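A, B, C and D label the chains in the order they appear, each numbered from 1.
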Amino acid sequence: MRIRVITAGGTIDKVYFDDASTFNVGDPQVGPLFKEANVTFDYVVESVMQKDSLHMTDEDRALIRARVAAAPENLILITHGTDTMTATAAHLTGLPGKVIVFTGSMVPARFRQTDAFFNLGCAVGALQVLPPGVYIAMNGRVFPATEVKKNRAESRFEPKA
Amino acid sequence: MRIRVITAGGTIDKVYFDDASTFNVGDPQVGPLFKEANVTFDYVVESVMQKDSLHMTDEDRALIRARVAAAPENLILITHGTDTMTATAAHLTGLPGKVIVFTGSMVPARFRQTDAFFNLGCAVGALQVLPPGVYIAMNGRVFPATEVKKNRAESRFEPKA
Amino acid sequence: MRIRVITAGGTIDKVYFDDASTFNVGDPQVGPLFKEANVTFDYVVESVMQKDSLHMTDEDRALIRARVAAAPENLILITHGTDTMTATAAHLTGLPGKVIVFTGSMVPARFRQTDAFFNLGCAVGALQVLPPGVYIAMNGRVFPATEVKKNRAESRFEPKA
Amino acid sequence: MRIRVITAGGTIDKVYFDDASTFNVGDPQVGPLFKEANVTFDYVVESVMQKDSLHMTDEDRALIRARVAAAPENLILITHGTDTMTATAAHLTGLPGKVIVFTGSMVPARFRQTDAFFNLGCAVGALQVLPPGVYIAMNGRVFPATEVKKNRAESRFEPKA
C-alpha cells in the first residue's frame, strides 16, 4: 500500500508568526503527523502550494488536477483548506482508477487541541477501502465530494440538503 | 450513521497515578477525543471493562462478544489493548451484518505525542466503508483481523508472514 | 500569598482566526493554565483589555496603571503582548509597595508547543521573591523593566546594550 | 547567568511503560523543555540518576550532594521525584554560596496536560532572585526546603503545620 499525499495548504498547516502577529500557511504537517502515528504504509508527500483556500484560483485547481493525473499512485490523499475544498474536488472528476480523498482541519495541527490528527486518520482509513472516486473526509464522515458542503457558521461539513 | 463504541481498556485509556507512581487504565478517552474532533455522526460509548489486555480472560472475551451481539447498531468500534487485540477479535467471528473494527494505541491518548487520535480516526474512516467482518485498524493500515499480528519488538502491527 | 493577574491580551491569549475572521485575542489563558499547574496560592484574574499590544494606546496604559494602583494586592502579574511590553512597563513606575512582573509568550498558549506555561511559571516564581519594582520575565530571565528590550528579529528579550 | 541542572529522575521524566515493561524513568526532559521555552541563559544538564524517588537511598543523596558541591556554578536547579524531594533537600544544607531550587511534577512532562513546564519556569524564576539556600518550587509556590511537605493524598506541596 502506497499513498501520494498532495498538500495544498489550508488551516491544517497554519503557523503563528510572532513578528507579524498573524497566522500563515507553513510547511505541510502531514509528514510529522504520520511519523507521530507510526504509520507503516509507504507514502510520498508532494507540496503543490501553500495557500489559504479562500485565495485559490482555477489555475491552482488545474495544477492540482495535473499533479493527481501524473501520480504513479492510485491512492491520493489531498490536504486542503476547508473553505473551497468542494470546489477543488469538483475539478478532479474523471480520473479513472484514482481514489482521491480530501481532508483538512478546522484548527491548525500545531494546536494542542485540534481535529487534524483525527481527520487525517479518517481519510487514510477510508482511502484504502473506497472504490475509485472523489471523497471528502471531515468531522468523522466520509462523503462523496458532490454530496457535501461546508456549513461555515457551524464550522463543520454536512450533507447537501 | 450511528456507531456503537465498546471500550475494553488498554493503553489508549491509561492515566498516570502519582500516588502509586504507575500507569493504570482510566476512563474511556474516545468520547473526549470525538468531541475534540467535532464528529457529526451519532454514537454511544459503552464501557465494558477497563483492563490492560494482557490481563483479559476468555470470560472477558465472551462478554465483549455478547455486548456486540446485543448491540442494535451494525457499526461497532472497539477500543482495546494492543497485546491481545487479535485474540479478542478471533472471538467475534460469525456475527452477521456487523462491521467490527478494533483500534487502540501504543501511547496513551493523554500524552502530548500519541497515535490515539490518528488511530481512532482511521478506524472510524474504515468502519463506515467496509463490508461486514472483523478488522483491526492500527499504524494507518486496516487489516482483516485474521491476517495481522502485533510485532511487539517493533511496537507495530504487521501482516502475518 | 495572593496574586492579582491583570490581563491585557497579546499573543499568549491568541486564538486561531482564518482569513475571513476578524477577532484574534481570545479569553485570558492564565486561569486555565494555573488550574492545569494546580497552583495553591490565591489569585484573582482581572481582564482589562484583549489587545494585540501593537494597538495599545497611552489611554490603555493609563487604564492599566489605574487598575494596578487600585488593586488591594501587592503582587501583580501582568500578561501582555510582547511588542510593547516595555512601553507599558514604563508607565508603572512609582507605585510604592507593588511588585509588578510582566510576562507573555511568543507562541500562543493554545499551541501544542509553546513558551506560555514556562513564562507564566517563571513570572510567578520571581514575583513572590522580588522586592517592589517593575520587572519583565521572558525567555527564562527576569529583568528590571528598564534594562530590557525585545529583539524582534530573534523573537526574544535581551538586556539593553 | 548560568545554571547547572542536576536531574535525578522522578515523575517529570517518566515515560510510558506497559505491563510487560521494566523501565519507567526516561531521559531528562529539562533540556527539551528549555528549548521549547527558548530560554536565553546558559545552562548545563547533568543527569546523576534516573530513579523514582521512592527508591532513592542515602548513597544516592550523598552523590547528589557531591555533584552540587563540585559544580562550578552557584545556581543549581534539581529535578527530582516529589515523594522524597524534601529528604534529599535536607542533605544539601551547608553549601555556602549555592542557591539550590528543587522542582519536579505530579504529571509527566510528556503528557498533554502537565504541570512540568510551569514548575520548571517557577523554579528558574525564583532561582535567579533568591539568596543562597535550599528551596522547593512546587504548585506555584517557592518554599524554604525545611518549611514544606508533600500532601500525598492531595497531590500537592503545603507548608508544614
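Throughout what follows, contacts are C-beta pairs under 8 Å (C-beta built on N, C-alpha and C of every residue); 3 or more make two chains touch, one makes a residue touch a chain.
Bear in mind the structure is a predicted one, so any value in this text is a computation, not a measurement.
A repeat of the A-B interface exists among C-D, A-C or B-D. It is C-D, with more than half of its contact pairs matching by residue number.
Overlaying subunit C onto subunit D using CA atoms gives a rotation of 180 degrees, to the nearest 5. Taking each chain's centre as the mean of its C-alpha atoms, the one that lies farthest from the centre of subunit A is D.
With centres taken as mean Cα positions, subunit D sits 26 Å from subunit C.
One simple way to say how far apart two chains are is to compare their mean CA positions; for subunit A and subunit D this gives 44 Å. Subunit B and subunit D have Cα centroids lying 37 Å from one another. Residues of subunit C found to touch two or more other chains are 106, 112-114, 155.
All chain pairs that count as touching, in label order, are A-B, A-C, B-D, C-D. Interface of subunit C with subunit A (complex): residues 11, 14, 16-20, 24, 52, 54, 81-83, 106-108, 110-114, 152-153, 155.
Every residue of subunit D that touches subunit C in the complex is listed here, in rising order: 1, 33-34, 36-41, 106, 112-115, 117-130, 137, 139-142, 155-158.
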